[in-house]
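Each remark here refers to the structure printed beneath this line.
Labels for the chains are A, B and C, by order of writing; each one numbers its residues from 1.
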Amino acid sequence: MKKLLALFLTVTMVFGLAAALAEDAPVKMTLWTFQELHTELYKTMMEKWNAEADKPKLDIDFQVFPYEDMHNKLTIALQSGEGAPDLVDIEINMFANYLKGDIGLAPMNEYVEPIEDHLVMSRLNNYAKDGKFYGIDHHIGATVMFYNTEILEAAGVDYTTIKTWDDFHAAGKTVLEKTGKPMIVWESADCWSVYPMVNQHGGDWLTPDNQVRMDEQVVIDTLAFMKSMLDDGTAIPCPGGWTHTEEYWGWMNGGNCAAVCMPFWYLDRFTNYMPDLAGKMKVSAMPLWADGGHKSAQMGGTGTAVVASSPNAELAKEFLAYACLTFDGCVTTWKICGFDPILKDVYGSEEMKEPNKFFEYYDQDIFAVLSEVLDDIPDTCLTEYFPAATDIVKTQMAYRLVELREDPEQIAKDCAEELRSQIN
Amino acid sequence: MASNKIDRKKRTVLSVLATALMILVAVFAMVPFAFMFMSSLKPGTEMMRYGLTLRFDPGISSFDNYTALNTYRDGVYWHWYKSSAIIMIMQTGIGLFFGSLVGYGLAMYQFKGRNLIFTLVLVVMMLPFEILLLPMYQMMIRIKMMNTYFGVVIPYLVPPFMIFFFRQYCLGIPRELMEAGRIDGCSDYGIFWRIMVPILIPAFGAMTILSCMNSWNNLLWPMIILQSETKHTIPIGMGTTITPYGNAYDVLMPGAVMAVVPIVVIYLFAQKTFITGLTAGSVKG
Amino acid sequence: MQNRSAGKTVKRRGIRSLSDPKVVPYVFVAPFIVFFLFVYMYPLIMTVIMSFQQIDGPNHHQFIGLKNYQKLNTRDFQMALQTSGRYALWDVIVLTIVPLLIACILHSGLAKGSGFFKSLFFIPSLTSIIVAGIVFRLAFGTLETATMNRLMTAMGFQPVKWLSYAGPGNFVLILLTLWRWNGVNIVYYLSGLQSIPTDYYEAAQIDGASALQKFFHVTLPCIRPVLIYVITITVLGGFSMFTESVALWQQNNAGGVGRTIVGYMYMVGFKKNNLGLASAVGLTLLVLVVAVNLVQLVLMGFFRKEE
């Protein structure tokens, strides 16, 4: 009893003091992330925030966890209603999990809606439900093609002439013939090859009301195209299974492959893990499909969200908007992380042209490529069953296509069946 | 005499064969460490370039990565180290005490409900811990054990695998020793402390090592309980250095090598005290 | 010291003190009872309840009968069962026999420097599996230039895509497990071997038993308790293996090659946020492990002694 009383008194005193010192005492907050790079962005933005006179001072405790475990922890915390942080980074594939039942995240509408026209909204729609925006992304994640010009030149191919996927395939044949090297890799263990290509082609896994689209003709056609490249050796299964393995990085760095198709933020992987390709890599738009589709596709991402039950939720929202939705915040995002920010205003601005390690590595106007495709990036349909669909793509679709070379139509049908059985 | 000579020859051949086999196994056990150690001396980009190699390149190899551990995220590595050590000591000490007590009781006494209790031990032992995660977590919040070291230890206070092991071990101890103790006027607890514990030393040795190892490498549960970064353990911390979103091999490899050191030291000590010098004498029937 | 008299008077009526012979065994096992009731009972019951529920957030628990269990009839889960089953089988075979043989050789003193080897073999189990996994993953890479494939080509074999297919993938898993747990099992066996009185062997020697006979008629029966222990935890470890597969395949799982039952549970529970279904998977695993172990224990004659 005594202890309880003491505790009560302490708590009252602390709150009293906090009220009295409100001007000076910084507000403590916790932020969970799985991406250490993000903390540098937030730290920089927090310093800027604290330097401004009219803002209450913030003291954010940045906690970095391993990717899987952070999401598990968040699931448990939100499920049990206790122990959640104030701000949290949620990976795009996981996001739908937190939009089920009672949503534990706070909507950001009052910050998003006024500047809607300036933002790449297809990005924020990924984190929305019933017209409420729960997550703010740091980048567009527009898929682009990275070409190794050294290999292409050796084969006499000019990458700027590659306009369609058929051109790409034809160039691949030349490269293979002249250099013996494959044009590109397809992932067998993850979805970073299959999904952007299907998505760019106009397909998706699900409709907003969870009708399965996996066995549509556009999916089958896309898979068939990928298989045709595998069959003649212009594409090979990705070493290590996917493009985020040490094995792939080492192999790619050794100049063994002419291209890779990944989201814009992959340029950071080149600068960090493939140092020997500096000056040789060029960024270009994705080849187009002859029969329609889009200029690019969005892949990957992190929705930073405010936990609704946080006592400082309003302040956290304000800070999040400050760090991610302002001009300055978006420019800082590019400078620190090498991301393509979601605020359209920054593109073409002087601030984005200041030299940095990325410009040095690629030696080209990276953003010219980006603004080319910015107006035609399809939405992705991230319903609550999207994680299940992604899992099926990883375990079955990509593997059976790339590793076992099975019939695309059969694969698409089986995968669609599996997904339907999980939904019902 | 002749047969003795042949025997000796045979023994020599066998001995050479056995030694060769052991060397082979030793190489198998050590090669990954060699890779790890060699990688820890090189900049992380080297690993990207050439993958795993045992090549020693004096030009680029240095202990810089090790000193970098001190500065990485303001020296957080050593905080992880401390947390891991505290949890390991608590978990092992408490676990050994209770585990041996219960295992001994189950092995040496006949009493009502013994089989039931032992069955429960088996069931708990076979329980995949992951399935209890959510309710366990809610319980920890309720009893205010979040972000404490003790909270990490709670599920391991009376480790069923230790109970099982001690029980199995005690079954090999002749009951006559108990009788002898009684005749000498010892209480049942006295028998346990003064007669049995010394006999159980090899078992304690094996369990100490195993418990230290489990605790030192435990990831899932500490991850759930420990919230602040400075309270994280080494496996959690190491996990944050490798993600698809950024791999800090410069920290990971030396961090991993350094993490092995204390536990190897404990092992060598435990091994000397408990296992090597052991004579089977006291257990003789 | 006043306990002394109590210990002596075996047949006193009623329960007078903690030293009462009727109470003593319960004092010994009390920690477990308390522990079980307070730490395990509640979560276990909760898990059973949850396996019959659809859970969408803290206040959305809805009973749906056996629906979660019916959902286990999918290709995904069956693949996970296969993966775990295959692994558990080989795990038990390899991790029971290999360490036993090595322990016997070490114990026999035939090999020079046994003490040194003993210490050495244990060291792999002290490392973090995450880091060891990276080393194995790179060594068994898919490329022809990966360490193991170079070795294969040097020996005149075709390079293998180790981690891309179930068979070779399982082989690498077993190898990683053997690397990591070999030393632990050796220590278990050694602690058993060291408790075998040497005169048993001397007696066998006098009877003219061969080395093999000694092994089957003296060594094996004497270390039976340890053997049972090793098999039991290996069965458990085999079926509930997770970390090793994550270390090799990370969270990817092309073709179901590396996804085990616990991996499946993890994915369902946290990636798909379906804790009800995850609980059902977990309980299925529990039943499986207990069943296999009961069969094993009966076969090993574990319960015979109690009669």
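Here is the rule we use: a contact is a pair of C-beta atoms (placed from the backbone, for glycine too) under 8 Å apart; a residue touches a chain by one contact, two chains touch by 3 or more.
Small disclaimer: the values here were computed from a predicted structure and weren't measured.
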item: Pairwise touch network: line, ring, star, complete, or other; value: complete
item: Comparison of A-C and B-C by number of C-beta pairs in contact, larger one; value: B-C
item: Between subunit C and subunit A, distance of the C-alpha-averaged centres to the nearest whole Å; value: 38
item: Intercentroid distance (Cα basis), subunit C paired with subunit B, Å; value: 14
item: Touching two or more other chains - residue numbers and ranges from subunit C; value: 134, 138, 141, 145-146, 269, 275
item: Multi-chain contact residues (two or more partners), subunit A; value: 67, 72, 79-80, 246-247
item: Touching two or more other chains - residue numbers and ranges from subunit B; value: 51, 134, 219, 239, 244
item: Residue numbers on subunit B that touch subunit A, as the complex places them; value: 45, 47-51, 133-134, 137-138, 141, 146, 219-220, 223-224, 227-229, 236, 239-240, 243-248
item: Residue ranges of subunit C in contact with subunit B within the complex; value: 3-4, 6-8, 19, 21-22, 24-29, 31-33, 35-36, 39-40, 42-44, 46-47, 50, 102, 105-106, 108, 110-115, 117-132, 134-136, 138-139, 141, 145-147, 179, 182-184, 187-188, 190-192, 194-199, 225-226, 228-229, 232-233, 236, 240, 242-243, 250, 262, 265-266, 269, 275, 278-279, 281-283, 285-286, 289-290, 293, 305-306
item: Residues of subunit A that touch subunit B when the two form their complex; value: 30, 34-37, 61-67, 69, 72-73, 76, 79-80, 82-83, 244, 246-247, 249-250, 253-254, 272-276
item: Subunit C contact footprint on subunit B (complex, rising order); value: 11, 14-15, 18-19, 21-22, 25-26, 28-30, 32-33, 35-36, 51-52, 98, 101-102, 104-106, 109-111, 114-115, 117, 120-128, 130-132, 134-136, 139, 154-155, 157-158, 160-161, 163-165, 168-169, 171-172, 182, 185-190, 192, 202-203, 205-206, 209-210, 213, 216-217, 219, 234-235, 238-239, 242, 244, 252-253, 256, 259-260, 263-264, 267-268, 271, 275-276, 278, 280, 283-285
item: In the complex, subunit C residues that touch subunit A; value: 55-60, 71, 74-76, 79, 134, 137-138, 141-143, 145-146, 161, 163-165, 249, 251-256, 259, 267, 269-273, 275
